[in-house]
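Multiple structures follow.
Look for subunit A in each of the two complexes below; its partner is subunit B in the first and subunit C in the second.
Showing the complex of A and B:
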């Protein structure tokens, strides 16, 4: 069981618990504003872009080249940017906070 | 080679040169073929503009048969941003459960109709009716209207022997003019009505602007969706195991719809006009000449996709650009994806097997390269589930 917090552009906070799937699926299921997940998680749309809280960023597996290339062209990119369809739910991310980028 | 194989037409030139020259009506186009170059150029809307003379970014160019600017397609930021914001939410309606249920009713009744016949020509008897009826949902108008569009036949914007037939195109333009006038008389909650009521830069949208959005909605969503549906049926006919995998594992649909659109890339490429001279992939793109973004070639780039010429229905990493990339990425993608999801679901439920009887390929001619994009006709036999 992992607790995941999303903070939207307008400053609203959404908290959920999950055991499987990824951070995009969880957000889409709960209609978190700003995370659309258009491509269903195959890394083709960048509508799941988030900024991961710095203390958690380093704990995650590094993004793949495909993900990094995708982020290179997106708006509002920071050094903590990730496509959250590429972050699986696991104990590793328990307590994670992510800010929705767009 | 199977009927549902779609060869990578651009491989050699993509790997050796990266750019393919194509002469179109004395307004040449340099086609960009590599994934990275295509994405980069699509992102660089300041150097490579869409807001040129109406019709010019389309290949073959439509400057001689169209004056209306297609919106938001032939507009650049910042104007593009405001136009697009006006319609963005409308084009996300396909995510609503009622919309999905509406698509399901359409696909079910169309499939039941052809299953009773057994043997059909897919494009005219199935893909065109489904595409047309589904479009009534997107426009939020009575389904009756689809009859008119179906009666135009597949080649509304092109005649059989010419890609650019002004008289054919006029049928659509006159139809849209008349529909807009009707809604001005009797306002409603269709896309026409909503647009006529929208404000752009603090004033009402003009008739010409509304027409520009609607021409695009009709044109952009017709051949693309028809090829997406038809090619998918050809694929499933030759891969009965895929039909069963999709049935046994409903989750597979999510990656399958992305993989099928990557593999078929129903829109081969789209042009841009060079605003300021720039080097791309060793080619000097001179001011006021054209380049094009070849989505179809980029989607087979071996540097990005493993086994690019295979359909891998559960491909996990699939950064395809079949729906474009960046500023102008496809507005109709939500509709197209939802339609394909529903189509696969209903098909696997109702159909036992599909046999191909006859196929005439539709081959596009891009100078040095010939690309199969779909079929001119596809005759199949559908066997229902007991």
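Showing the complex of A and C:
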């Protein structure tokens, strides 16, 4: 069981607990504004861009080449940017906070 | 929120990307009345692109990735009528009749009826019971079970378009002996330029898929020994089953009954309204006028389905919007991700940009004189994202710099400075 917190552009906070799937699916399921996941999680659309809290960023597996590519020129990119369809729910991310980028 | 729609009913026929997103958007945008979503497919609406990819190698019993969980439909108070077909519509009394005889009245009706695979008129093809297409979950299951049962794992794919090639790649990865027969002189003939087609032909060949171009199938013969595909040039190929990927036909049956305008799909205005009062059409079935391109078109893509769902919901809930979204697509084959943005039709020249420090990483930029129309990016998310911005903003691009791999791929470098304009 992992607790995931999303903070939207307007400053709203959404907290959920989950055991499987990824952070995009969890957000879409709960209608977190700003996360669409149009491509279904195959890293094709960049509609699930988040900024991961710095203390958690390093704990995640490094982004793949295609994910880094997609992020490089996306709006509001930062050194903590990720496409959250590429972050699986696991004990590793228990307590993670992510800010929705767009 | 106003409650003016609370005693009204919106019926959506077709529950794939367009229909399912439409019902969620209707709620989001304030529709307070009944919402009824109907589809012949009994599955909870699911993502379709993986049908030709991950779903084919999926374990038995695993489920198709839903667009929205079952609970979500309950929470949003959506009535699902899955596993039902609509047998008739009456636009005068604004009602539809389901296959079980139920009559449903509507105030607004959205046709998201999609398209069906075309089976070309080839002798013996429709009679052969080992011929598959790929549009829905049942099709994917059928291909999977044919593949499992196939003694020699021989698959002949008729049609070298995206569906055919993606499926060929997936079946090859699963250990198939796969052949693609394409009638045109090259694969992707109607949808991609020569440069891209050559790349994909090489990719498939290197991965062991045999591609035959300029080959027309004359006849299909099925015996107890298996299937023989006979081509007009005399070549013959043995197969355990055949996959046909030769295009689609929009499902316009209901629209026709209502007297809607039809022309390669259901004709809608720029707000996605059909010629019939209270009836809208979205997704693969809709023939719409795109103000950006100043022409009529019908697009078969997730982007088009999802974005039209949002616009139609806005129009039905009383906030008029015109549909003018920038089209984008993707295709995954072997280790290659192709992402496309814009429409390249009518281009006058193209620039191929190769990233020499990476394998199989390039992009094709289509121009109509100085205007950037579209970008196809191969394993190159940077080109896709930057291309999207440039096309959207009508940015002037320096073609010489773009085509020179030694010049860094950076927005401010590639943008044409006013003083440099030829």
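Points to keep in mind about this one:
Note that in this section the second predicted complex is superposed on the first by the 102 of 102 C-alpha atoms of A that agree within 3 Å, B and C clash if a C-alpha of one lies under 4 Å from a C-alpha of the other, contacts with A are read in each partner's own complex, and residues count from 1 in each chain.
One rule holds in what follows: contacts are C-beta pairs under 8 Å (C-beta built on N, C-alpha and C of every residue); 3 or more make two chains touch, one makes a residue touch a chain.
Being a predicted model, the structure only gives us computed values, none of them experimental.
In the model built by aligning both structures on subunit A, subunit B clashes with subunit C.
With both structures placed on the common chain, the touch criterion links A:95 to neither subunit B nor subunit C.
In the superposition on chain A, A:40 contacts both subunit B and subunit C.
In the superposition on chain A, A:29 makes contact with subunit C only, not with subunit B.
Of the two partner chains placed by the overlay, subunit B and subunit C both lie in contact with A:70.
A simple residue count on subunit A separates subunit B from subunit C, and the partner touching more is C.
Of all the stretches 99-107, 225-233 or 387-395 given for subunit C, the clashing one with respect to subunit B is 387-395.
Looking at subunit A, you'll find residues 36, 38-44, 66, 69-70, 73 touch subunit B in one structure and subunit C in the other. By the touch rule above, subunit B contacts subunit A in their complex via residues 36, 39-40, 43, 92, 254-255, 257-258, 304, 315-321, 325-326, 333-334, 337. Residues 28, 47, 49-50, 65, 68-69, 72, 302-303, 306, 328, 330, 332, 337, 339, 358, 379-382, 384-386, 389, 411 of subunit C are the ones touching subunit A in the complex.
Looking at the complex, you find that subunit A touches subunit C at residues 28-29, 31, 36, 38-46, 65-74. Residue ranges of subunit A in contact with subunit B, taken from their complex: 36, 38-44, 64, 66, 69-70, 73.
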